[in-house]
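In what comes next, chain A is part of two complexes: it sits with chain B in the first one and with chain C in the second one.
Up next, the complex of A and B:
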């Protein structure tokens, strides 16, 4: 059996603030297999970005992280700061939502791009430059030799995200974490960037985690999808099952609320109520029960992840009961 | 960029004329005149006044400086004489052209100011970086407390303190006179220490803000260390705001040198200027004020150009983001 590249077990993240403790991530489990793409979907504040920032150990010093993050057989949470630094940008790379704020405005594209190679002593500055210019050309930046010396403000949003992807892949990582990589871009550019990511993944064989709130994007790009709600995983399923066999009432609600281009116009369905806050007091029962239309007595008890089929798990008593019947 | 410089120089011309007008009227509004002071002092100890301005010389001065003409003629003659470098004679030193008085004293003051601002900037950057990377620890609070104490105490009090400790008690450094590099140490420190308070604090806050920005997360995600983050990314971007406070600090430094030069017996421009002001030496007051104005405005222009150079968005397009 092939070991997963990344195996997150029972991950907890708490932020201790002046106004109290915030439970951002509450016992998340996920696996990323070699060469595969895993999507993490959920609404804002569901803890999906925090989960991946915790994997990279990029959260502020006020965050308390518990659980285990195995990456190629090593628990990242037990590494020293220096050992962790050797993994970031070399074995695991990360790209972010808004490339224009995630790049230093006063340093050239090229200088920022080759930094992973220089930090990890993977190439001399001249060699790094040569490789970066070549990669810029490969990922569709025209005139890369000249563009290398441009500043971020001279690039468009789509070009910046291409450059960020190039920067992340220059060191040939085993895993790329893409945190909402296309959210800040317009739809046509979004498709180009996703296509580029898939193409590069096939070429390099790396694994990828795509964090997004966009179910359509996740369905197109990912092999498997994890759905987060209130800092917990509520469903895990292969992406081809997303539209047909989704089991959790929350995911069903999300899919119903996607606008359709064809058919009769009407009021768009939505999930009533407010998302679960990240305060210290969490319900003892199902975290979605307050907003759920199918709620019954058993929901006062917290459902575990129930196996529905191969690679399909759901944290819901109703969905679990339907299968076992 | 050229358009920007031209516009700035135009503003400088307007500001320069405004300064000259204000100075002229303030000077005239001050009670007494050079002649009156000298007659008064002369009446007590005629021999002790080495200048002994004669009635005839005074009339020449009245003529040369149009002292009986309407105000705008007088004002313009000061400005024009200054600009054309024909500054003529001061009342107090009628035999030495003002230009050569300035030439003797000005470099001393400028040297003192530049040394002080350099020392202050370097120490501020060090204090700011140390405090910012140790945010909210005792290192941070301690550094900032010392910095604030420096700001709260004026330069002339620090000067007395330094004189007492290093001059009188320890006998390490001279406290009076101006005969070599060791004479610079205490005056420069007296001027620099009060500036470190505000500049160091500014540096700390600016660097801290930079360290909390999103592109710093990217640097860490690339595997950068704290050293890479501070020296490769943070420092340069947080120097931008610091440079804008250096300009105004230079202006207040010019005032600081007035006390310091007098206290340490340094024969600089500020010393010359205070004597001129107390003696109502009109030409010398006007010439030194206008020179100060030019220097300060020039400094501010240089600061803005350096700012533009450090920020590629301004350098390449003329606008910030």
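Up next, the complex of A and C:
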């Protein structure tokens, strides 16, 4: 039995604010196996980023986190801050949407790249430099020896994101969390970055979690996809089933509303109404019911994740009923 | 049709002739747009694609008459606008309106929704207070906003609703043309579909012409009859959208189309197999000899390094700036 690298069980995140309690994540379960890529997709406010921030324990102290986050057999939620610091940037790395805001503008790229190696005592300064320069070359930066001493402003957005990836992988992590890594980039550069991520993953055998709002990107890169809506996981399925066998009415509506590169033109099908905000009052029944065209009496009761097939689960009474008949 | 016979073309709604725009910053000259010829026919919306730094923002600012070109002319309904005084230009500005990417940033946070929509009417002195309010309310209904929000402030609305307000405001002066700069990019997909449908409906009802800037080629395909592809300040390919998508003839257009992650009829476009890293290519090198795209082009030959390709017409008004456009169009898109 292959143990997952990351196993999130019944994760809850609440933020207590002056105006009330915000239920950002409500009972999320997910597994990431060694060498696999898992996509978490959802619209703004669906809780996809908060879930991964909770896994990394990067949320503010005002956040109340419940559940269990097993990483290589250790529950990250029970670790001390000091123990957690030993894991971040070493065994789990994370990259974000806007590389220029995560890099220090007053330090050279090289200094920042080798920082995690020195912090975690993984290499001597000379060895760290040698590895960083080699990696710069691997990720397609020409003249790496010289570029090592450049400052962030001397690079383009795509180059900086490649360096963030390089930096994240320098410590050879078991898990990489990429939160919208290509959203701020041009499409041709996006393709480069996704391709690089995929290539490095195959070389190192690490597991990866890709958080994105773009279903097409998730389908291109990921093995499995988890779909979040209103802080809940509404569907989990292998990527190759995304277009053909999606079961949740929300995911169906979402896929239909994306303009296509070929085929019919004209009006797009759309999901009526607004996505459920995190601070809104949560219904006791299905969270998608008030926007759903297939709503029936049973939807007044909250549907659990129902097993549809191997690696395919959905939180919908209608989709679940169709299978059991 | 005999050769050289004038086509029964009406006067284009907007036209750029040999338009060049240069900016000077800290002693260096940057050519943002170089020798651009562009015609926009009424009812034929134009999509503009290109990466950051390609000059598309400069182009649409010139089309909106916000900045004058360094060289060349800007025509709107047959009038050369580069010769007009600031006062006469104002009457033309009414006919061209703008919707920006960030809906919240483009609305006045201290004005109510009704006041925001009526603002352009006030600036151009249209009607009295009462009639302006009535028109604002009417426009809210047109774009699918509830009148309940008339006295709300922008921050009280969602992103999709804010974008509807921005669209209502753009419609207030009965424009001929609306320039939309990444107008749906910051919206969630389910909301994006609602806004795109609204824009399609308004286009039909009001005979609008859109200039649609977007990095999302699927959105361009849906919204625009014509498409222009920009690279480092030049238009490298333009023509009918369907043609451009089925027979892209510039290697950059082909790279763009194959790079887009999109759903097709039966799956998702594959992740590019042999993506080349773009290194050391920057906008400042654009003054050099040869095709601006040659450092990135997998098909570049010695000719591409020496000779700058002109924008030339292939067939049915499909124009391409590539020495090998014919071979490109014939080869299969990977």
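Note that in this section the second predicted complex is superposed on the first by the 324 of 325 C-alpha atoms of A that agree within 3 Å, B and C clash if a C-alpha of one lies under 4 Å from a C-alpha of the other, contacts with A are read in each partner's own complex, and residues count from 1 in each chain.
The rule is simple: contacts are C-beta pairs under 8 Å (C-beta built on N, C-alpha and C of every residue); 3 or more make two chains touch, one makes a residue touch a chain.
Treat the numbers as computed from the prediction; the structure is a model and nothing was measured.
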Clash or fit (per the criteria above) of chain B with chain C on chain A: fit
First, second, both or neither for A:187, with chain B first and chain C second: second
Which of chain B and chain C A:83 touches, first, second, both or neither: neither
Touching partner for A:105 - first (chain B), second (chain C), both, neither: first
Contacts of A:94 with chain B and chain C, given as first, second, both or neither: first
First (chain B), second (chain C), both or neither touched by A:124: neither
Of chain C and chain B, partner touching more chain A residues: C
First, second, both or neither for A:245, with chain B first and chain C second: neither
Minimum Cα separation, chain C to chain B, after superposition on A (Å): 9
Overlapping contact positions on chain A, where the chain C interface meets the chain B interface: none
Touching residues on chain C, where the partner in the complex is chain A: 51-52, 158-160, 188-194, 196-197, 200, 215-219, 221-222, 245, 255-272, 275-280, 282
Chain A-touching residues of chain B, taken from the complex the two chains share: 213-215, 217-225, 228, 232-233, 236-237, 310-313, 316, 321
Chain A residues within the chain C interface of the complex: 43-44, 139-142, 156-159, 186-192, 194-195, 198, 213-217, 219-221, 242-243, 253-255, 257-263, 265-271, 274-275
Touching residues (chain side chain A, partner chain B) in the complex: 56, 58, 85-90, 93-94, 96, 98, 101-107, 112, 115-116, 119-120, 151, 153-154, 167
